[in-house]
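Quick heads-up: structures coming right below.
After this come two complexes, each holding chain A, first together with chain B and then together with chain C.
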Partner chain A sequence: MNRQEIFEKLKEIAELTVQDPAVLANMNEDSDLSTDLGLSSVGMLYIVIAIEEMFYIRMDDVSFGDFRTVRDVVDYIEKKIAE
Partner chain B sequence: MFEQYTDPVTYAKIVDWPNVTAMWRNSLKEYGKNLAVEDGETALTYEELDARVAAMRGALKAQGIERGDRVGVFALNGCGFVVSYLAIVTSGACAALLPPQLDGMTVAGLSRMFGLKALVVDAALKAKLPDPMPVATLGTDAQGEPAEAVEVQPEDPCVIMFTGGTTGRSKGALLSNRAVMTGTKYGCYGIREIFEQRYFLVLPLTHVFGLIRNLMACLYTGSALHICRNNKDMFREIAMFRPTVWVVVPALAEMALNLSRQFKRNMLGDSMKTIICGAAPVAPYLVREYHKLGIDLFPGYGLTESANLVSGNPDNLNRPESVGLPFPGQELKIVDGELWLKGPNMMDGYVGNPQENAAAFEDGWFKTGDLARFDEDGFLYITGRTKEIIVLSNGENVSPAEVEAKFNELETVQDSLVTAENDVLVLEVVPRNTVLMTKGLQDPIAYLREQLNEVNRVLPTYQRVAKIVIRDTDFKRSPSMKILRNQK
Partner chain C sequence: MKWKLTEPRFGDIVRVLAGQFYHYGIYASDDEIIQFGPTPDAEHSLLDADIRVCTSDVNGFLKGGFLEVASFSFTERLKAAKPEEIVARARKELGTGGYDILKNNCEHFVNGCAFGTKSSEQVDSVRAFWQNLPVLDVYVAVQPETLAEGKVEPPARQKELDETHNDALKAQRTFAWRVLCTGIKRSLGLDVSRIDLRRDAHNKWIANGCAVSISHCKGAVCAAVSKRPVGVDMEPKDDPRYREALIERIASDAEKQMIAPLSMQEGLAKLWTRKEAAFKRAGGERFLPEQTDATGDAIRTIRIRLDHDYIVSVAGENLGNLRVYEVGGTDELHAARRTDFETL
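Our next item is the complex of A and B:
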């Protein structure tokens, strides 16, 4: 799975948590999870659970608070898939 | 009123217990061999759990803890928390339950404020505490010579629950054994199958909904409790444990629904029959959507100060927007739109806080701060809040004044305001230009934004804001210069 595919899947996940369609349309790798996407703590939890389910990975070695931007999340997934 | 929603044999088993010790002894007698708690690799029956509790009581006794003393618990959700809490209250002492997200200095301060004689600390949290601490500490795994449980009077203090303050300071609500046991009994009403169930815990045990409706109702009914330590693992653990009851805040109930939609399967599994939903407003659509999955979602209403549940809605499908019928034994009245309460489940007061107590009570009535109405059949509806506290849909109570104070510490901030929009916290800031402009910065606003982000990043998760707005005008203010919160 390449970087673009990971991003597209993440966007698919975000569709059920990011409320504002305009924000979702503008989502890119630089988007800040908290201040740009407006994710609440439950929104963050949703994304972690969905990532684990969708990418068949376990995020036991990281806390979602460690991620600031979408890029950080894509980097992490890319690394985990490669392991 | 609730009799019709439960079969007569089950209903007859919902009885009063004068204190936690009496209830615990009954559960041991009736359900000794049942699974009581499952936490990771640890699984204990009621009898096995009792052996651990008795050993912990011995350790407390060795520390000189006696009936009437106050002992803190600073622990993560886990078997150690359950053992510590039960050992303290069945020793006749009062357990002050301190949220694990508190920093060490706050815990030390609260230990003094609550007059704790000892503090039981989780190994994982010990490093947070200052050295020395103002009280003796012992681990959640402390053991001594097994000691007998102590029966106390119903009015004897049982727990101090930490609750968000309305005036910028958090408070400790003192609940007696009578209040805790009444709240626990209330949790058993209105549900057809309530005894010997399988409960799934994701709520913090330091929150009244987690402690009373989840843990205590579970132990009262001889049920099993699975403790989920990391919420991200909840659906894997649900698949393994196959719970029948989930006590949860609306945001998590909605998250489970959305995940079920995304992955096209019921994430809660086919064993789940009942969801008890509260601590924040419950959207009627949750009731309807869960009904389609064959799960009854019951909205309820409660407060820390009322030992959790005041009402529960057994007629959830016909009136999903109601928080239900008040549980028997309470008095409720509406004064200028605000709900006032009296009853055996009410707290004795906020510890060491006469000012807040004076503001909260009037002629023995507790003023909830919630706006409410009844329908013609006596069903209760919550319509808003009179107080400034922000309640997010995940059940977190956030005092905006507390969060604003953190940002106001920056010299570059003139004033700030925290509100909730679309269920997330939004910070608005008026910059202190007199300071900002003297720094010779190329982009002062970007500098300020970065400073605010830095403060935000180190706040406890539940206090973090999701959006920051830097204003170029001041807030609207009252004659005494207070920000008019609803007229920004």
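Our next item is the complex of A and C:
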């Protein structure tokens, strides 16, 4: 799975968790998880579990607070899938 | 555990709806709710390091929401510590960090204080939501002129391919299978070499937790992946072999009505692929098109633009969740991008 696919799959997850269509339309790798996507600390629960379940990885060596942007998440998933 | 809008008592587990999820705490008094959350000076932080066991008053905890109080079931009452012990455990943790949204969140914290075991129904239910999300993905690809060397899994499928002596057909079948393996991996996270993919009594490929179907035609292949029985069929939109007479031979009156608004070729492609998809989904000894119903809501027909227009029918559940991905050529089987389609 390449970066573009990872990003698109993340966007599919976001479609189910981020309500505002304008936010989704503008989502890119530079989007800030908190200020751009508006993810609250509690709302991260959906995203973290979704990533584990949809990418078939376990995020046991990282905390979601370590990620600031979508790019950080894509980087992590890309690395984890390659392992 | 049930939740009531009653006055909290010393040692109660309390919660408040914060967005889509609940935030939990241990009630000691109106001035002391012990919670595992962002400290007051880092309320909007996403950093786990800013989340610690701390206290707040009722207003600080609720932030305008409604306080809900836990009411234990009989079994929970037997397992729960006494209110004094619950509060003592919570106070002992004040200042502690180590927040982990999956394994050590605010709900884990209060359950740990009350029952001695950390658990989170919210995490469990969210995980169940994602695990049970319907999957109905179709992968389409243009048949490359040459195929990369290499065998497919499982060996039983490779044996079938080895026994296919028509080179063009063998290439189609091989490529369709590779596309299928890409889809199984991408949509379900399963490695074909590690699942028991086999033919059932009706010659249909099956595996535990995974339902598949493949189709190939001149120029392109497709593969459907789901968790529930699925059938897929693909045909070029303008196949010169399509003849009006075929409609008379295989279509019921209802089916003729279904394809009436379409051109003869498109209508016939729709009719044929729906029949094949329905048959593949159900499984059976022999495909008898005139006896296979192409109408009904359990089949969806779409038009996809690749090198040419193709008609694809998918028979299965959750057709509203259908996603279509276009897979790259021989050497790019792992590159799949979501593609648009038009429902026919």
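Throughout what follows, the second predicted complex is superposed on the first by the 83 of 83 C-alpha atoms of A that agree within 3 Å, B and C clash if a C-alpha of one lies under 4 Å from a C-alpha of the other, contacts with A are read in each partner's own complex, and residues count from 1 in each chain.
Methods note: contacts are C-beta pairs under 8 Å (C-beta built on N, C-alpha and C of every residue); 3 or more make two chains touch, one makes a residue touch a chain.
Source: prediction; values computed, not measured.
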Partner chain in contact with A:N2 - chain B first, chain C second, else both or neither: second
More chain A residues in contact - chain B or chain C: C
Chain B versus chain C as contact partner of A:Y46, first or second or both or neither: both
Contacts of A:Y56 with chain B and chain C, given as first, second, both or neither: second
Touching partner for A:G65 - first (chain B), second (chain C), both, neither: both
Overlap of the chain B and chain C footprints on chain A, listed as residue numbers: 34, 39-42, 45-46, 48-50, 52-53, 59, 65
Chain A to chain C touching residues, read off their complex: 1-2, 4-5, 8, 12, 33-34, 39-46, 48-50, 52-56, 59, 63-65
Residue numbers on chain A that touch chain B, as the complex places them: 13, 16-17, 19-20, 34-35, 38-42, 45-46, 48-50, 52-53, 59, 65
Interface residues, chain B side, partner chain A - complex: 231-232, 234-235, 251-252, 255, 258-259, 261-263, 392-394, 396, 422-424, 453, 456, 461-462, 464, 466-468
Contacting residues of chain C [partner chain A, same complex]: 18-21, 23, 37-38, 44-51, 99-102, 105, 122-123, 126-127, 130-131, 133, 186, 189, 323, 334-338
